[in-house]
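What follows is a pair of complexes built around chain A, which joins chain B in one and chain C in the other.
For the complex of A and B:
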C-alpha cells in the first residue's frame, strides 16, 4: 500500500500544478474546440447535402463520434515528448535514477493526475457544443456505456504507452518537436480522430487495423455507439488491451536498455 | 525620403542577418532539421488524406470541389510555413517579456519589431512551404483556369498578401503579452486555432462564425477569398481582390498594437 501511496501523491501534485496554471489550460482547451466546431459544420454540410454520405452513421451518431473523440483527445494533454525529451537531454533524469521510485510509474502518475480536471472541462465544453448542434446520440444500452468506460480507460493507457515509447527517441535525438508532431500526425489519421476509419478505402483501413492507434479513438467511440456486434467489441477491446499493456512493457524495456547506455550531461 | 528608404533597406538587412544566425544555430543539428521537415510533411499528408476521404463520398461541399478545397488547404499550409520559417520569433515574445529578457531588444539600436520577427526560425515551415506548394501546383493543374499574365501576377500577390495577413495576426496577438503576463503564447495560440475555420469554404458556417473569420480575425482572406478569386467562385471572387488591402490593414493594426504595448512595457524584476 505504501508503494501505491507515493505514486498517488505524485499524481495529486501534478493535478495541483494544473490548477495553478488553470488559465493557460482553459485557453488551450477552448482553442482546441474551434477544431471540433469546424468539424461539426463540415460534417453537417456533408450530411445535409447528401444524407447517405455518412454510410453506416446517422447524423446524431456522427455528432456523438466527434464529441467522444474530442473528450478522449483532451486527456493527458500535459504529457508529451517535449517534457520527457528535455528531462533526458538536460540530465534531470539523473535525479529520478537516484530515487527509490519506478521511473515509468512516476511518469504515469504525473500524466494521469490532471485527468479528473481535464475530463470535467472537456465534458462541460463537449456538452455545450453538443447542445448547440442539437444533441448527440446516447448509448442505446447501459452495457455499451460500461464497455465504453473500460475501452476509454484502455485508450488512455495506450496513449501513455505510445508517447512514452516515442519519448525514448530523446536518447538519440534532440529534435523532439519534430518527433512529437510526426507522432501526432500519424496518430490523428490512424486513430480515427480525423475521420471514422470505416470511411477509408480498404488499403488504408487495413493499415489502420494493424496499427495500435485505432485503440485511441476508434474502438472506444464505436463501443459507445454500439456500432460493433458483441464478439467484434470483445475482440477490439482485447486488441486494445494487448497493445496498451504490450507497449507499456516495451517502454520499460526501452528505458532499461537506454539508461544503461546513457551518459548524463556533465557527469 | 532617400534617408527613409536607406533606413528601410538597413532594417531588411539587419532582419536577414539576425535570421541567418538563427538558421545556423538550427542547422547545427542536422537530424533535428530532417525530423522537423518530415513531420511537417506528415501533417499535411494526413490533412490531404482527410479531405480526399471525404470527397470519395461526396462530389462537392457547397459547390466547392475537391481540388478547390485542396487549394485552400495549400494556402493555409504555405502561409503557416512562411510564418514559421521567417517569423517564428513572434511566438517567443510571451516568454521574453515574462522573463524580463525583452530588455535586450530595447537596448539595441534596431526596431524591436524587426528583432521580434527575426527572433527565431522554425524549420518545419520549410516542410510546410514545400508540401503546400506541391499541393497548390497539383490543385492548379486539376482546375480549369484561364491563365493570363494578370491572373498569374495576382496569384503571386494573393500568396504574399495571405502570408502577410497571417504574420500580422501572429504579431498583433503576440503583443497581448504586454498586458497578459504568462510564459506561454496564450492569446496568439487561441487566435491561431481560429485558423481551423480557414480550411473549409466559409459558406458552411453560421453567420456568427463567418463574421468572425471575415471581419474580426480575417482568416477568410488567407484561404477562402483568394481561392474564390482564382477559381471565379460566384460573388465571392470579387472580394478576393480586396486581399492585398486587408493585408496592409492587418499589418498596420499589428504594428500599431505592438507599439502601444511597447510603451507600457516595464521590465520584470526591477
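For the complex of A and C:
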C-alpha cells in the first residue's frame, strides 16, 4: 500500500491540527457533554414515568443507545460543509489540483485523522456518564460487539460521504452555513440521534428507512444492543454499506463533474 | 522526446463564461431569472514553446491572462481550444502525473499547511511526491541553507512573515526535483532584500540544476535577474516573444554616449556635421552627449568623429533600461508588432548644437 502513505501522512497532520486548536476542541467537547447529560435526564424522566420498558427498550438499553449515539456523533467533528465550501469558493482547491493526490482521498484522510483522539475523549466521557447514571446494557453476545464495530466504521464512512456530497453545493451557492444546518437537522431526525426510530409513527419510520441517515446512528446502536435478529442485522449493515460506498462514489462523480464545469466555464 | 520542447502550446485558448449581473440584490434576482452570460477571452489562441532549461518571463498588465495560462499549463484549468503538451503529457488529462513533473508557486496563496510547522509541510511533500528519503534530505538541507529557512522551520506557516512564507513555498515546490517550475507573481508584496534573495535563488536553480522556469510578474526587476526570454501577453494575446537582447535590439536601438571634456568645444556645428543622423547635445559646455542608432554607428565611430574636435577626459555609454522598455510597451508608446523602420528613424533624427 505504498501509494497510501501520503494519505496516512495527511491524516496524521490533521490530527496535529486538533492539538493546535485544542481550545476549540475542548469547548466542543464540553458542549457535547452537556448535551448527552441533558439527553440522559430527558429520557430518564420518560422512562421513570413508564416503569419497566417503553416499547422495545429497557432503561439500561436506552442508556446504552444514548452513549453509542454520543460516541458516533463525536467523530469527524472537524469536517463540515463550511470549510470545504470555503476552500472551493476561494479557489484553494487549485493548490490540490496541482498535486499528485486524489482530492477526495485527501479530504477523507483529513477528516479521519482526528478520529483516534475524538474517539478516546468520547469513550472516556461516555464511561463517566454511564457510570454516573448507574451503568448501561452491554452487548449480550461478543458477536454483537464485533458487528457493532463494523457498523460503526461504516457509519463514519457514511458520515464522510454525506457531508462530502452536500459540500459540492458550494460550486453553485454561497450559503454554506444554511446548507450545513439543513443537513444537520435532517440528519438529527432521521439518523435516530434524538429519538430512536422505533418511537416514530409508521409513516415517518418508513421515510427514515429509505434514507441513508439511519445508518449513522440507528443501525450501529441497534446492532450493539442485539435488538435485531440475524438476517435483519445483516440486511441493515448491508444497506449501510451500500449507502456509504454508493455515496462515496457519487461524491467522486459530483466532484469530477463540478471541477470540470468550473475549470471549463469558470466560476 | 529530447528533441521535443518541454512545453508546446498551439492556439491555446481559454474562454470564461462570466455572469452578467447588476450589483445588489435586485441584480442577483434579475440574473437568477435571465441567466445572462458573456464570454471573456482570457487567453486568445497563443502559441508558445519552451525548451528545457529556458527561463521565461511571462509579462503583462493586470488581467492580461497570465495566471490563466499558468493554470492551463499546470493542469488546473481545461483549455477551451487548442493543443497543449507539457513534457509529453496533456496536463489536464494526466493531472496527477503532470503534477509530479512540476513545481508551482502562487505568490498570492500558500501551498503550505497553515496550522502546522513549516518543516511538517515539507515532510508532507516528501510523502505526497514519494521523494526518496536520501534525496529529500539533500534537497531540504540545500534549500534550507540557500533560502535561510532554519530560523522559522518550526513555526506554523500561518505565523511567519510574507517573505518567509514565500521562501518556504519555493522550497515546498522544489523538493521533488521538478523539471519545470511555474511561479505566478512570486515577489508580490515583498521587500527588496527578500526579492533579491529569491531572484538569486531562482537564477541559481536555472544555472545549476537546469530547471526550466516560467515566471509571471509585474515586477520588472524579476526579469533581468532571472530570465533569458521574455513573453509579453496583453488582452490574452502574445505581443512579444524573444530574448532580452532581441527586445533591446528591436525596441531600444538608441544608445547615448556621454563625453566628459577638458574644455568647451570650439564649434558644436563642426561636431554635428561629422555626425549626421545623431542628436548631439552639450548642456554645460564640458559635457557632450550623442544619441545614435546603434545599427547605423558603432560607438567607436562616434568617438572617432568627436575626438578631433575636443579633448575627451572620460566617456560612458547608457544601456537602455528594460524597465523603461516594458513600461513603454504597456503604455502603448511602443508598438512591438511594428518596430520603427530605419528610414523613419533617420528622417526624424536631428542634429542640434548648444
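Operating definition for what follows: the second predicted complex is superposed on the first by the 260 of 267 C-alpha atoms of A that agree within 3 Å, B and C clash if a C-alpha of one lies under 4 Å from a C-alpha of the other, contacts with A are read in each partner's own complex, and residues count from 1 in each chain.
Following the convention adopted for this analysis, a contact is a pair of C-beta atoms (placed from the backbone, for glycine too) under 8 Å apart; a residue touches a chain by one contact, two chains touch by 3 or more.
Because the structure is predicted, anything quoted here is derived from the model rather than measured.
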Q: Pick one for A:253: touches chain B only (first), chain C only (second), both, or neither.
A: neither
Q. What is the contact status of A:181 with respect to chain B (first) and chain C (second): first, second, both, or neither?
A. first
Q) In the superposed model, does chain B or chain C contact more residues of chain A? A) B
Q) For A:124, is the partner it touches chain B (first), chain C (second), both, or none of the two (neither)? A) neither
Q) Of the partners chain B and chain C, which touch A:30 in the superposed model: first, second, both, neither? A) first
(Q) Once chain A of both complexes is superposed, is A:138 in touch with chain B (first), chain C (second), both, or neither? (A) neither
Q: Name the contact category of A:56: first (chain B only), second (chain C only), both, or neither.
A: neither
Q. A:200 contacts which: chain B (first), chain C (second), both, neither?
A. first
**Q.** Residues of chain A that lie at the interface with chain B and also at the interface with chain C
**A.** none
Q | Residues of chain C that touch chain A when the two form their complex | A | 16-18, 40, 42, 71, 74-78, 80, 92, 95-97, 99-100, 102, 104, 106, 109, 111, 113, 115-116, 120, 123-124, 127-130, 156
**Q.** Residues of chain B touching chain A in the complex
**A.** 29, 31-40, 42-43, 45-46, 49-50, 53-54, 56-58, 61-62, 124, 182, 184, 186-187, 189-190, 192-194, 196-197, 199-200, 204-206, 209
(Q) Considering only the defined contacts, which chain A positions touch chain B in the complex? (A) 23-24, 27-28, 30-32, 34-35, 37-38, 41-42, 44-46, 49-50, 53, 55, 173-175, 177-182, 184-186, 188-189, 194-195, 199-201, 204
Q: Using the touch definition up top, name the residues of chain A that touch chain C in the complex.
A: 2, 5-6, 8-10, 13, 16-17, 20-21, 91-92, 94-95, 97-102, 260, 263-266
